[in-house]
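Look at the two complexes coming up: chain A is in both, with chain B in one and chain C in the other.
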Partner chain A sequence: MTLAQNSVRFFIGLMFTIGTTFAFANEQHGHEGQHEAHAVHAEGHEAHEEAHGEHDADHGGHGYEGMIDTQEEIQAYKEHHLQDAHDFVLFSDNEKGTHIGFPLPVILWDGETGMHFFMSSKFHHGETVAESNGAFFKLAHGKIVKTDAEGHEELGHPIDFSITKNVLGMLIAGLLMIWMFGSLAKSYKRGPVPTGIGRILEPLVLYVRDEIARPNIGEKHYKKFMSFLLTVFFFIWILNLLGLTPLAFNVTGNIAVTACLALFTFFIVQFSGNKHYWGHIFWMPGVPVPMKIVLAPIEVLGMFTKPFSLLIRLFANITAGHMVLMSLIALTIILKAQFGAVGSTAISLFLSLFISLIELLVAFLQAYIFTMLSSLFIGMAVEDHH
Partner chain B sequence: MEKLIGDFSIGLFFMQAVILVILILLARKFAWKPILEGLSKREEGIQNAIEAAAKAEAKMKELTAQNDVMMQEARAERDAMIKDAKATANGMIEEAKSKASQEAEKVLASARETIAGEKNAAIAELKTQVAAISLEIAEKVVRGELASDEKQKALASKMAEDISLN
Partner chain C sequence: MYNLIGAGLIVIGAGLGLGNIGGKAMEGIARQPEAASKIQTAMIIIGALLEGLAFGALILGK
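On to the complex of A and B.
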């Protein structure tokens, strides 16, 4: 593995980070009210500005009352989607206030009252206060807070171990992986060449091994990290793809999930670092002593910025993708006045189909980049001195 | 940024960590380990097969080369044998020819000798016969000459004359 190859890979990664962070930043600026906002927001932007404060105030359950046909309701809907949820709603009839879906289990740890376990149906989609073991909880901005019996006063934030929509998504992805790759593993017992679904999966496993792990970590060490890299690659990819289905999971667009993934990479890198790796960080060889002293804090910072870039990249890419896709779908409502129902639907359909194809690519690309950069960082840590 | 931090759920983070650890362990046991083992086993098999094929090919080449050498040797041997045989045959023919001509020579020579012998014998016989005939004739002539006295006297005188003449 040559240095030049590494830096080329690193810069590709960096490019994607920067590009998508800007895309995401645009979205964020839109919220803050800068007028260079996304094209989608341009129309009726002022109205959105004004309404922004209000909708923040009564976000819980907002958007379920009445049709979603104004700018701020669309915005609220988008934000609601990007957040985790305690129930799984497929369709909502907002006029009647009914939701088609199913509740998910809520598991809470509260310092005073201990563990709480109940179904999220107790919240009635955020409309009521749920009672459990003498404590009262309500949903506020998609988060569970402890309140008094009437739900007026916030008494604290319990730690939420619920099987939320994101956790459900992860469990589905995990089970899918075990099922698919378990069947691939079994097929090797029957013969050297896999059959059925294994024929599709095997090249992917080979790809991760031969194109990601081997060149970046090196022939000598790569085997130890294969389980992590393969798991992370397929976990991220499957979750990205699940996010593109109408089930609308947004797991890899959740900062807690990407932070956890990046933290795993961070710990694996630090725990597998050899003495050359630590030498490069604290006492850079081949430079004068004053430079060594200057470089040490920079390198220490680098230890953290590397996984942090992983965290932000995946989160920003997927969030931006979901945001753009939903904005394009929303065009069918927003552009109705200018182009009529058929025209705006056609534009929306064409654009969202186009961006969906790109998202399909991004789903793979982000899984690839996360795994590739993880193995690059691991490779730096275990590299033999030469 | 506050929004990001606000969105960060410690519970979800914890659940994700637990799920990921369990998933890595389960997947390693039931998927990755057997898959990677199967793959490397297959790759080894392919590698071995390729090596074996290369070895077999090398051996084949060696054998072919050996064959060629043997063929060449055999051909050379055959050529030598043919040459030898031809030489032997030629020699035999030559010998036979020379023998035959010698024989013929001998036969001729003996024939000549015989002829010469026969001729000499014939000549000798002829000579004897001629001598005998000549004696007979001479006897007869002498008898005629000496038939009467006159003739004897005439002969005697003549002889005497011849003697005196000499």
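On to the complex of A and C.
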């Protein structure tokens, strides 16, 4: 590997990170513009502003009259990003009330009126009621509820099969994996050396096999679990990386997704457990009988805490990473008064670039840890007696 | 207020633990460089377990 190749890679990585940071910062741009107006307005009226700020907070802090509580605005921005949504908002201008982004399809099943299919642009970002086949729906705190034509009453909750941000993220990850591994498999037909994307994937697949599955599960049983381990490894890794792109999916930072992944591990461990595994849980060999009785409930609890720690770890790591990244980007606004627009942007860009690079490492590390611990638990379950 | 103090305590504890793990792993690697990869793997696993505990406490405390 030559130095030139390395520097090209570094440059691509750098551009990618900076692009991401700008996309995040741009999203904040609308708020910034508003803040500017607010700052001009508030000049020389500091006492007035304070009073107004409190007033705003009392009203839920949305402040559409041009007065904003910056703190709450940033909090709302963070929460908006960590949650699932029915549309993508790339830029927004709160002053004009415009949002630029693209809608996603909404698929609903309602007991009385049947299936509904429409684009989420009908909601106008939660500001209007959407009509479909004679039924009316509105967005309430990101969830779709059935309502009347004016949108005042809640008539029930339809079953939501919508392609939300998270679902789209998972579909993209799945399609990417099909494409990447499909091309890897095809390249083996041409010869033993993979070409194209397979050159990146082959070492990773071998790494998962030789460093994760083999030593932890054992030579005899590891083959059966390779498909699961590889799928979960690449799925988590790709989703973590997608979370660092400008579209900012937060799929692995959603506790339902990580819980589902941990449930897979849980069921695989329980169903592949041999009699020694169950013996170690309910009737620990080699200890006196009173101890066996004490140990059994603890071991049963351990069956559940293992996947629980898996799900919490992935969820908390990714959520914490996104939160730190967004907080650093919010520095553009918080530090604006002290350092000016250029200075605060420079500080926030430098810090978020640094954290983004760490997040690239964390994205890989969390996929590795999840796969590693899954194979460790599976290894405990299928281990032969000795 | 109290949950913030608790979060601080959790982070102090987790930091101490991670420092211990990392320091001991470094010592081990310095003593036996040929076992570096094995020590690293074990270090990451223990670190992950500790992290899971700390994050669990943080989330439950929130």
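We adopt the following convention: the second predicted complex is superposed on the first by the 302 of 386 C-alpha atoms of A that agree within 3 Å, B and C clash if a C-alpha of one lies under 4 Å from a C-alpha of the other, contacts with A are read in each partner's own complex, and residues count from 1 in each chain.
Going forward, a contact is a pair of C-beta atoms (placed from the backbone, for glycine too) under 8 Å apart; a residue touches a chain by one contact, two chains touch by 3 or more.
On a predicted model such as this, the values are computed, not experimentally measured, just so you know.
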First, second, both or neither for A:L373, with chain B first and chain C second: second
Which of chain B and chain C A:S309 touches, first, second, both or neither: second
Partner chain in contact with A:G286 - chain B first, chain C second, else both or neither: neither
Partner chain in contact with A:N317 - chain B first, chain C second, else both or neither: second
Partner chain(s) touched by A:T231 [first = chain B, second = chain C, both, neither]: first
Partner chain(s) touched by A:E211 [first = chain B, second = chain C, both, neither]: second
Common interface residues of chain A - those touching chain B in one complex and chain C in the other: none
List of chain C residues in touch with chain A within their complex: 41, 44-45, 48-49, 51-53, 55-56, 58-59
Partner chain B, residues of chain A touching it in the complex: 83-84, 143, 159-164, 166-167, 170-171, 174, 177-178, 181-182, 184-186, 188-189, 192-193, 202, 205-206, 209, 223, 226-228, 230-232, 235, 254-257, 259-261, 263-264
Footprint of chain C on chain A - complex, ascending: 211, 308-310, 312-313, 316-317, 320, 365, 368-369, 372-373, 376
Chain A contact footprint on chain B (complex, rising order): 4, 7-17, 19-20, 22-24, 26-28, 30-39, 41-42, 45
